[in-house]
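Just so it is clear, A, B, C and D label the chains in written order, and each chain counts residues from 1 on its own.
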Amino acid sequence: MTERFNASELLAVIAARQLRDDTTVFAGVGVPLLAAALAKRRHAPRLTMVIEGGIIGPEIAPGRLPVSTNEMRAGHRATMLPGITDAFLFAQRGFVDVGFMGGAQIDQYGNINTSVLGADYWHPKVRLPGTGGANDIASLCREVIIVTAHEKRRFVERVDFVTSPSWVRGDGSRRAAGLLFGGVSRVVTTLGILGFDPDSKRMRIEATHPGVSTDTVRQNTGFALLEAPRIETTEPPSDEELEMLRALDPERRFLG
Amino acid sequence: MTERFNASELLAVIAARQLRDDTTVFAGVGVPLLAAALAKRRHAPRLTMVIEGGIIGPEIAPGRLPVSTNEMRAGHRATMLPGITDAFLFAQRGFVDVGFMGGAQIDQYGNINTSVLGADYWHPKVRLPGTGGANDIASLCREVIIVTAHEKRRFVERVDFVTSPSWVRGDGSRRAAGLLFGGVSRVVTTLGILGFDPDSKRMRIEATHPGVSTDTVRQNTGFALLEAPRIETTEPPSDEELEMLRALDPERRFLG
Amino acid sequence: MGDPHLNPAEYDFIAARRRVEAKAKSAAEKLTSLEDAVGRVKDGDQIGVGGCLFSRTPLALMREILRQRRRGLTLARNLTCNEGELFMAAGAVSRVTTAWMSIGLPWGVSKILRHYVETGAVALEEWSHLALGLRFRAGAMGVPFLPALTMLGSDLVGVGGLKTVQDPYTGETVAAVPALFPDVALLHVHRADRFGNCQIDGYPHMDADIARAATTVLVSTEEIISEEETRRYPDRTVVPGFLVDALVHVPFGSFPHECYGLYEADYDHFAEYCAAIDRSGPAAVGDYLERYVYGPPTWSDYLDLFGGERMALQAKRAKELTR
Amino acid sequence: MGDPHLNPAEYDFIAARRRVEAKAKSAAEKLTSLEDAVGRVKDGDQIGVGGCLFSRTPLALMREILRQRRRGLTLARNLTCNEGELFMAAGAVSRVTTAWMSIGLPWGVSKILRHYVETGAVALEEWSHLALGLRFRAGAMGVPFLPALTMLGSDLVGVGGLKTVQDPYTGETVAAVPALFPDVALLHVHRADRFGNCQIDGYPHMDADIARAATTVLVSTEEIISEEETRRYPDRTVVPGFLVDALVHVPFGSFPHECYGLYEADYDHFAEYCAAIDRSGPAAVGDYLERYVYGPPTWSDYLDLFGGERMALQAKRAKELTR
C-alpha cells in the first residue's frame, strides 16, 4: 500500500466502484456508507441508499456522520422513513440490488460470524454484538459485497457460528437451506478482490491491489484460496476519488 | 309498531342499546353507524367506532352522513386513519368488541349471504355487491350483532351462498372451520331480538318488540325458530333516544 | 370465464421477485404524459388499482387505458366502483377481483355488475376485504402467502381457491391467503416529487402495498413538489421513487371520485349516471364512455365537461369535512 | 439460562387474543404518573421495548421499572443499547431477545454484554433484525407466525428455535417466524392526547407493531396535545388510544438517547459511561445506577444531572439535522 491513502480509504474507494448507477444499495454505517455516498457523488447519481434503520435516500452530512443506522444523522435529508421492518421487506421483495457487509470472521464460502467466538453459543468465549441487519442483508439482497480488512484471524476455514450465511457449504446448499435468492458475489479487502468459484462456491482470488502478490493474499488467509482464470490488478484510488471521499469525513471519524 | 318511530329508527335505537361503554364497535354506513353514534352520545361516551375504510374514532357530521365506509365523510374528525388492512387486523388481534352486520339472506345459524342469489356462483340469478368487510367482521370481531328488517324472504332455512359465516352448521362447526373466535350473539330485527341456543347454535326468539307476538315473528321467518327460556319484551324507543337519533340524520338519509 | 382456480402467476413469489430484480431501481426523473405512462400496460395484464371505491381512484390513468383500447385485463381492487363498470362496458376486462362492487348505499346494487356477471361476460372473483388486503400485503412482502383468521367457513373459500396452512408452532390450522403480484399498479396520490417519491393524505387505503406488490408502477399526482419538500417531510413518503416507473401530473385526477382534503366525490354525478342506467340499461354506459372517455382528447377536456364551478364546490366541501 | 427453546407463551396467539378480549378497550383518559404506569409491570414479564438502539428509547419508563426493583424480566428489542446494560447490572433481566447489543461503532463491543452473557448470568436470544420485526408484526396481526425468506441457513435458527413452513400454493419451504406477544409494551412518542392517541415523527421503528402485539401498553410522551389536534391530523396517529393503558407526560423522556427532531443522542455521555466501564468494569454500571437511577427521585431530578445547557445543545443539534 502506498502512502497516498490508508486502508479504510482504499476499501471505501474500491467498494464504491462496485456500485452501478440506477440501483439501490443497503449500506451500514462507517466505511460502507462512505463508499455508497462516494459512488453516488462520483459515478452513480441515481443510486439510492437504503439504511436498515428504516431510511431511504439519505444524504451524508460531512462532520455529522452517524455511528448507528437508527439515528437522526443516518436519516439526514432522507426521502422516506419506512421503518425498520419495512426497509428489510423492500429487500425481501427484491428491491435492493446490493448489500454491503463486514464481519468478525469470514469463511471460505463467504459465511460471516458476528455473534460469538467459541463453540457454545450460550456460554461463549467472546460475546460479539450480534447480527443486527447482517443476516437479513445476506439473505435478502440480490447481491452481497463483503468489505473488510484482510487478516488471517478473520478469514477462517470455518466460522464459529454462521450469523449471516452466504454459500453455506457450497454446492447448492444455500438454495437447499431455503435461501432462494442472492448470495455474496465479491469480497473487497485491503489486499484485493475475492470472488467465488461458480460451481463449488469456494472463495477465489480475482484481483489484487497494486504491489500485493497472490502469495501475500494467501499468507493472510486462514484457508486455501482458489484463483480466478485471470487475476486482475486493481486501479489504485485516484486523487479525485480520494478527495471526494475525504470531503465526506473531514473529521476522519471512519477513515482513521 | 306505533307511529312514534319508523322501522329504521327502531332498529337504530335497539342496536345502540346493545353497545356498552369502554368498548370498540365495527360499524358500517347507514343504520349501524347511526346506532353506534347514538350509543356514544347517549350512554357510552368512551365507545370507539372503527370503520372498515380504515377509520378510528370518527364523529358524525349531521347532514353530511357517509354513503360508503371509505370516504371523507366517514372519517370526519377521526382520531386515526390506519388503512383498511390494518383496521381489520385490529379486529383479528382481538381489539374490536362488537361488529354490526346486515345481509340479504340470513339462515338459522346466523350465516349471511350478500354475494349471489341462485345456485351457480359464476352464473348467478342475481349478483349482489359482495362481502365488503362483512365476512371479516363475522370472522374476527369478539361478538357480532346482526341488524336487519325482519322479512320472510330474508330469514331463510339455508342461504344460497355463505358470504359471512356465523355458526356455520352449528355444533362446533365454526371452530372446526378454523374460526377460533367470535360469532353472532344477537339478531336485532324490526320485530324483536333473536339469539342462539347455546348448544345447537340454532336461532331462537329472545325478545319481541311491544305489540309483536312470537307468532308474528315466526310468520315472518323462513325456518323454525327456537325460543329462549324466557322471552322479554323490549322497551320501546324513548323520546330522548329518538330525539338524539334524529339529530344525527336531519336529512333522513338513512332513517327514511 | 368463471374459472374458480387461482392463476399460479398471481402468487408465484419467485417469478415476481425475478421481475423486480431485473428492473432498474433508479432515482431518475419519472415525469411523463398519461399516454406514455399507460403505454406500459399490455393486453391481459392483471392490474392492481389504488384507492378504494370512490376514494382516490386513479381515474385519469384508467381512462387512458380505455382510450388505448386494452383488452382481457383483470382489475384487482378491494371495493370496485363505477370505474369497474366502465371497464366492463368497454369490453376491457374479463375478470374483476374484489370484495364488493357497486357505487354506494343510495344507488343500490349495480345494474352493470348484474348484467355483465349474470350473463357470464365477466368473472367476479370475490375475496373478503381483509383477505384481498393481505393478498396485496403478501405481494408487498415478497412472500407467497400470509396466515389469517378470516374467510374460513364461508363459500368464498371455493370461489378464490383459498387454502389453509398448519402453524408449525401451535399446530392450529389457519387461512393461508395467497399473494397477489399485479403486473401493473395504478395509483393516484396527493403529491410527488419528480423522482416519484409519493405522499398521501388521509386514508392510505392499500396503495403502498399495491405498489410494492406490482412489477410496474404508474402514478398520477395532484401536485408536483420539490425534492426539498420531500426531504423536509420524509416520514410522509409512502412510495419511494425507485419503484415508480412513470409519474404524471394530473390535478383532479380522481374526479368525480374524491381525493381526501382536496375534493369530495360528486354524488350528483353518480345520481345522474345511475339515472341514465335506470332509463337505458347498459347502453347508458356506452354513451357515458363516448362522452367522458373516448370523446375528450385530454384530461383537461374531460374535466371541462364537469366545469370549474362544480369542481370548486367539491373542493370547498372537502375542506369543510377535513379541516 | 440459555434454554434455546421458544416459550410457547410467546407465540400462543389464542391466549394472547383472549387477554386482549378481556381488556377494556376504552376511549377514557389515560394520563397518570410514571410510578402508577409502571406499577402494571410484574416480575417475570416479557417486555417489548420501543424505539431502536439509542433512538426514542422509553428511558423514563425503564428507569422507573428499575426503581420498582422488578426481577426476572425478558427484554425484547431489535437493537439493544445501554438500557439493556443497566437492566443486566441491576439484576432485573434474565433474558434479552435482540438482534444486536452494544452502543455504537465508536465504543466497540459492549463489555457489559460480554460480562453478563459470557458468565451465563443473562441469556442473549439472537434473532435477525427483520425476524424480530416480523415477530412483533405477527403479534400485532394476531397470527402465530409470518412467512419470511430470512434467517434460514444460519446458526441463528437453532438459537431461537425458528421453524419452517411449506407454502400450500407453490410447495416452497419458507421460514415461519413465530409471533411475539409481549406482556408489556413500553413506548416513548413525540405527542399524544390525554386519551392515548399517539403520534411519532421521523423513524417509526417498530413501536406500532409492539403496541398491538402486547397485552399492556405504557406510553411516555414528549408533549400532550389537545384532542382537536389529534382530530386535525388523524393520519399521523400510529397508536390508537383504546389500546393504551397508561400515558405519562415526560419531556426529554429518552434522554440521553435521541428523539427525532427534538434532541440528538448525547455521544459525550456515552463516551463518559464507556470510559468508566473501561476503568472499573461492570462495577461502573453499579455506580451509574446509583447516580442516575436509584438516586434522583424524579425524572426531573434525573435530567438535572445532565443540566439544561447540555439538553439545549442536543436540541439545537437535532434541529440542524432535521430541518
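As a convention for this text, a residue touches a chain if its C-beta (ideal position, glycine included) is under 8 Å from a C-beta of that chain, and two chains touch if they have at least 3 such contacts.
Because the structure is a prediction, the values reported are computed rather than measured.
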item	value
Touching subunit C and also subunit D, the following chains	A, B
Pair exhibiting more inter-chain C-beta contacts, B-D or A-D	A-D
Distance between chain centroids, defined by C-alpha means - subunit B, subunit D (Å)	39
Euclidean distance of C-alpha centroids - subunit A vs subunit B, Å	57
Distance from the mean Cα position of subunit C to that of subunit B, given in whole angstrom	29
Residues of subunit C engaged with two or more neighbouring chains	14, 141-143, 148-149, 164, 172, 174, 202-204, 234-235
Residues within subunit A bordering two or more other chains	75, 81-82, 89, 92, 180-181
Arrangement of touching chains [line / ring / star / complete / other]	other
Which chain pairs touch, all of them	A-C, A-D, B-C, B-D, C-D
Subunit C-touching residues of subunit B, taken from the complex the two chains share	29-30, 52-55, 61, 64, 67-68, 70-73, 75-76, 81-85, 88-89, 92, 115, 121-133, 135-136, 139-140, 161-165, 168, 173-174, 177-181, 253-254
Residue ranges of subunit D touching subunit A (in the complex, touch as defined)	1-2, 4, 52-55, 78-79, 98-102, 104-106, 109-110, 113-114, 117-118, 120, 123-124, 126, 128-131, 133-134, 136-137, 148-156, 158-159, 164, 172-175, 202-206, 209, 258, 260-261, 264-265, 267, 318, 320-322
Of subunit A, residues touching subunit C in the complex	21-24, 45-48, 56-57, 59, 75, 77-82, 89-90, 92-97, 142, 180-181
Of subunit C, residues touching subunit A in the complex	14, 16-18, 20-21, 24-28, 140-143, 193, 195, 197, 212, 227, 230-231, 234-235, 237-238, 240-243
Subunit D residues touching subunit C - in the complex, by the definition given at the top	6, 8, 11-14, 142-149, 163-170, 172, 174, 176, 178, 201-204, 232, 234-235, 323
